[in-house]
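Next come two complexes, and both contain chain A; in the first it sits with chain B, in the second with chain C.
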Partner chain A sequence: MMELLAQTGLNAVYAASYISLVAVGLVLIFGVMGVVNFAHGELFMAGAYAVVALYADMHLPFFVAVPIGMLFVGMLGLLMEWGLFRPLKDNPLGGLVASIGFLMILQSLAVMGFGVRMEHIPPVTQEVWRITDKVGVPVARLYVIVAAVVLLSALWYFLKRTRFGWALRASAQDPEAAALQGISITQTARIAMFIGAALAGVAGALTAPLVSVNPHMGHSVIVTAFIVIIVGGVGSLEGAIVASVVYAFVHTFVTTFSDGVLADIVGLSLMLVVLIVKPTGLFGSADRA
Partner chain B sequence: MLKPLMFLFGAVALIALPHGLSFSQQEILVFLVINILLVTSYRLLTLTGEWSLGHVVIMGVGAYASALLTKELGVAVPVAMFLGGITSALLAVLLSFPLFRMKGFYFLIGSFAAGEIIRLIWKRFREPFGGVRGISGIDPMPDFSLGFYSFDFFEPVSYYYFAGVIVLACLWVLWRIEKSPVGLTFHAVHWQDKLAQASGVNLRAYRTLAFAIASGFAGIAGALQAHYVGTVNPNSFDIEVMVFVLTWAIVGGTTTFYGPILGCVLLTVINEIVLRGMGFEQARPLIYGAIMILSILFLPNGLESIVQKFLPRRSTAKSDRKAEA
Partner chain C sequence: MLLEMRKIAVNYGKINAIRDISIAVPEGKIVTIIGGNGAGKTTTLRAMSGMVPIVAGEILFEGKRIDHLPAHKVVAHGIAHVPEGRRIFKDMTVEENLRTGAFLRRDKPEIERDLQQVYDRFPRLRERRVQRAQTMSGGEQQMLAIGRALMSKPRLLLMDEPSMGLAPVIVEEIARIIEEINAQGLSVVLVEQNAELALELAHHAYVLETGDTAMEGPAHELRGNEHVRAAYLGL
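On to the complex of A and B.
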């Protein structure tokens, strides 16, 4: 029993790390641009397909394919910022609808390029890091955990210690005041969109060999990300990370001890309860929506 | 003089319409009629300024309720359809307690969560909802005869007439509601909520009322669909379908009664007849997505804004005349 608990805990840590990469990106985009990116799950999917193309089909090394995938999805983010969110700056509902349109485009591009069936990706490594005889973490999952810790720490340093990071946080807090201080709002939006998309992309790229890659995989990702950002408080990066951990543990334990659908119901109910009791979320302050 | 003639012409056109179409196009026509009711009921909710992502699931509630009533309790189909609508409306009243603590973006996400929970419950509990595979073998509408026309519900044309009459009746009710003082208050709740509240309007009650009415008609649309298709399952009411409804409403525009209908008809024709006919099967979501983006970028007020440009503004002309007098 102890072993099962420990193993489930480790699985939850893995889930928490890729969920937090996705959710932090979503929060960053919402914070700086005030738009809900419904296509975020499809950015995750695009990252996974980048690995399918580069690693599985073109046989590039996995650790070359992942950064390229991350950059590629970052570029998709820039495209969205330029083509959708900048022209629709004064129309938050419009931005949401446009991102739904973009989601459908990405999905059908994936169907046309790779087919609807699941992609089988050769495992990167079969090794398992054993803690005890029965408890261990597959090394491929360990990569995801390490990447999440490294990237989120780097993001934290960037936001809190560099001038660009200050500018970004300033324009998230008060765009007009930031603009009066000489911060280019367009520039910060571009950076936020690039980082946010790239984080979703790298999460998709790293988990591609571990999950079933298919054009509709983004759906469960975006649902999870929404739950996490609501529970954590829309606009709060720390909240998103804490909520990712909470959600991952709840979801993994309910899945292990009951079943997956029930775990989804529990997750969504958690979000509804937070919305009802404290709509600003666990870490949210004043709301911007 | 002109008006009755136009009505007569419209009625003849609607009755004659299916006879020029192929069998599969007739089937699409039935769905189109049902979807028109769905999108028009959705518009009633948007009048109060709230955009829900749970409307299709609410439609599914009507479908499931009607299917279960006929299958488990042996209720007659037309009665079950009506009760399906009632079930949806009652559920909406229940949901309004948590959901109307939220506004705007939070309502959007909250309605999405509530809808997903309902959908997952259908999926999880095989008794009585049938799990992932849903309920099949739902009783069809029993055939009947009106003397001059006998309905044979294996024929899509018959179901088109049947659904068409119900949908037209529902649209008429929705239209009357919108033009009534209640409907005007819905507008006030959206555009002048503080002022409306100060004038003694109970905002929460009116928002709940709009939600319940819209959901009730969505439920009837769901029941119409369930007894036509014969099966319901959780996946036929997922977020993808909701995205279509949202697109119809936005591409058509929601400031007029006919806007969403226009969007629904035009996009369905493009989708089913043009794209499918031309063999763009795989690229359909892509083209749909592109249409969505282009219309939100270049036609933010929807197709109705084009129509309004060419139609003489009757209502303003009338009020001008009043002002002169």
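On to the complex of A and C.
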């Protein structure tokens, strides 16, 4: 029993890792640009398909395919900023509606390029990092955990310790006051969009060999990410990470000891309870919402 | 002249917010803009820092036209704007706020020196340097907003209603700080509802009424003017 608990805990850490990468990117984009990016799940999907194309089809090494996929999706983010969110920034719902359109374009492109069937991706490694005889983490999952810890720590350092990080936070809190300090809001929007998209892309790229890759895989990811950022408090990066961990543990344990459908119900109930008890989310403050 | 506004007009939609306003700010002086609600004081100041586009006229700073520049480029020329309502970054610490004020500067040693100068000028900010800005009192937030503006090393400081919502004893303190900053060579444009305070601090004053310049002159002369005394000083 102890072993099952420990193993389930490790599985939850893996789930928390990729969920937090996606959710943090979503929060960053919302914070700096004020746009709810509905296409965020499809950015995750695009990262996974980059690995399909580069690693499975073109046989490039996995660790070459992943960073290329991350950059590629970051560029998609820049394209969205330039083509959709900047021209529509005076329209409160414009960005949201445009991102839904972009979501459909990305899905259709994936269908046209790769077909609707599930992609088969050869495993990167079959090795398992054993802690005891019965408890261990597949190394492919370990990559995701390490990437999440490294990238989110780097993001934290960037936001708290560098002048462009301060500029990003300042733009998120008060764009007009930020401009008065010499900060170009267009530039901070571009940076936020690149980072946010790249984080979703790298999550998709790293998990591609571990999940079923198909053009509609972004859907469940975005639903999870929305639950997480609402529980964490919309606009709070710390909240998104903490809520990712909480959600991943609850979801993984319920899935293991009961079933996946019940886990989804429990996850949504968790969100409802948080919204009733603390409507601004765990880390949200009223003036941010 | 350090700054010259010539026949400026600003529209909000189809509404004329200000029209035909000309203001000159001599080097090293405090110039105040007073007037009632909706007279166009804040709009005039926002036009100076590029926050609102002008539809007529021109603005020159040190002889160069700056009226076509967006706000984040105007700062680079040496104009810092302390906006109405302070607008500090509430979720950032006091020190992060101040360092953000130096966003465009690359001269690291001087930034550190200026930071210490701001802390010397406002010792309460030093005590609270790692505290979130939101947790401070109104007066402290105003000091932070001024300190943040000073961190850009400006030659002209634009201040919008620095006394708003503050207790009289804090207003006195802010007034002393404005005089001190000016005595050290920084030119100031001061927009104030509190005309008494503004006319006491300033060298030169403009009175705006419904988007037009109603009067201008040396501050001490306007203080003696019948109309100003009746309409703005309540005497």
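Here is the rule we use: the second predicted complex is superposed on the first by the 286 of 289 C-alpha atoms of A that agree within 3 Å, B and C clash if a C-alpha of one lies under 4 Å from a C-alpha of the other, contacts with A are read in each partner's own complex, and residues count from 1 in each chain.
Note that a residue touches a chain if its C-beta (ideal position, glycine included) is under 8 Å from a C-beta of that chain, and two chains touch if they have at least 3 such contacts.
What you see is a predicted model, and the numbers here were worked out from it, not measured in a lab.
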Touched partner set for A:I183, first chain B, second chain C, both or neither: second
Greater residue coverage of chain A in the superposed arrangement, chain B or chain C: B
Which of chain B and chain C A:R169 touches, first, second, both or neither: second
First, second, both or neither for A:V223, with chain B first and chain C second: first
Where chain A meets both chain C and chain B, residue numbers: none
Parts of chain A lying in touch with chain B, wherever the complex brings them together: 36, 83-84, 87-88, 91-94, 96-98, 100-105, 107-109, 111-112, 219, 223, 226-227, 230, 234, 259, 261-262, 264-265, 268-269, 271-272, 275-276, 279, 289
Touching residues on chain C, where the partner in the complex is chain A: 49, 51, 70-73, 75-76, 80-81, 83, 87-92, 96, 99-101, 103-104, 148, 152
Residues of chain A touching chain C in the complex: 163, 166-167, 169-170, 173-174, 176-185, 285, 287-288
For the chain B and chain A complex, residues of the former touching the latter: 51, 98, 101-102, 104-106, 108-110, 112-114, 116-117, 120-121, 123-124, 239, 243, 246-247, 250, 282-286, 288-293, 296-297, 300
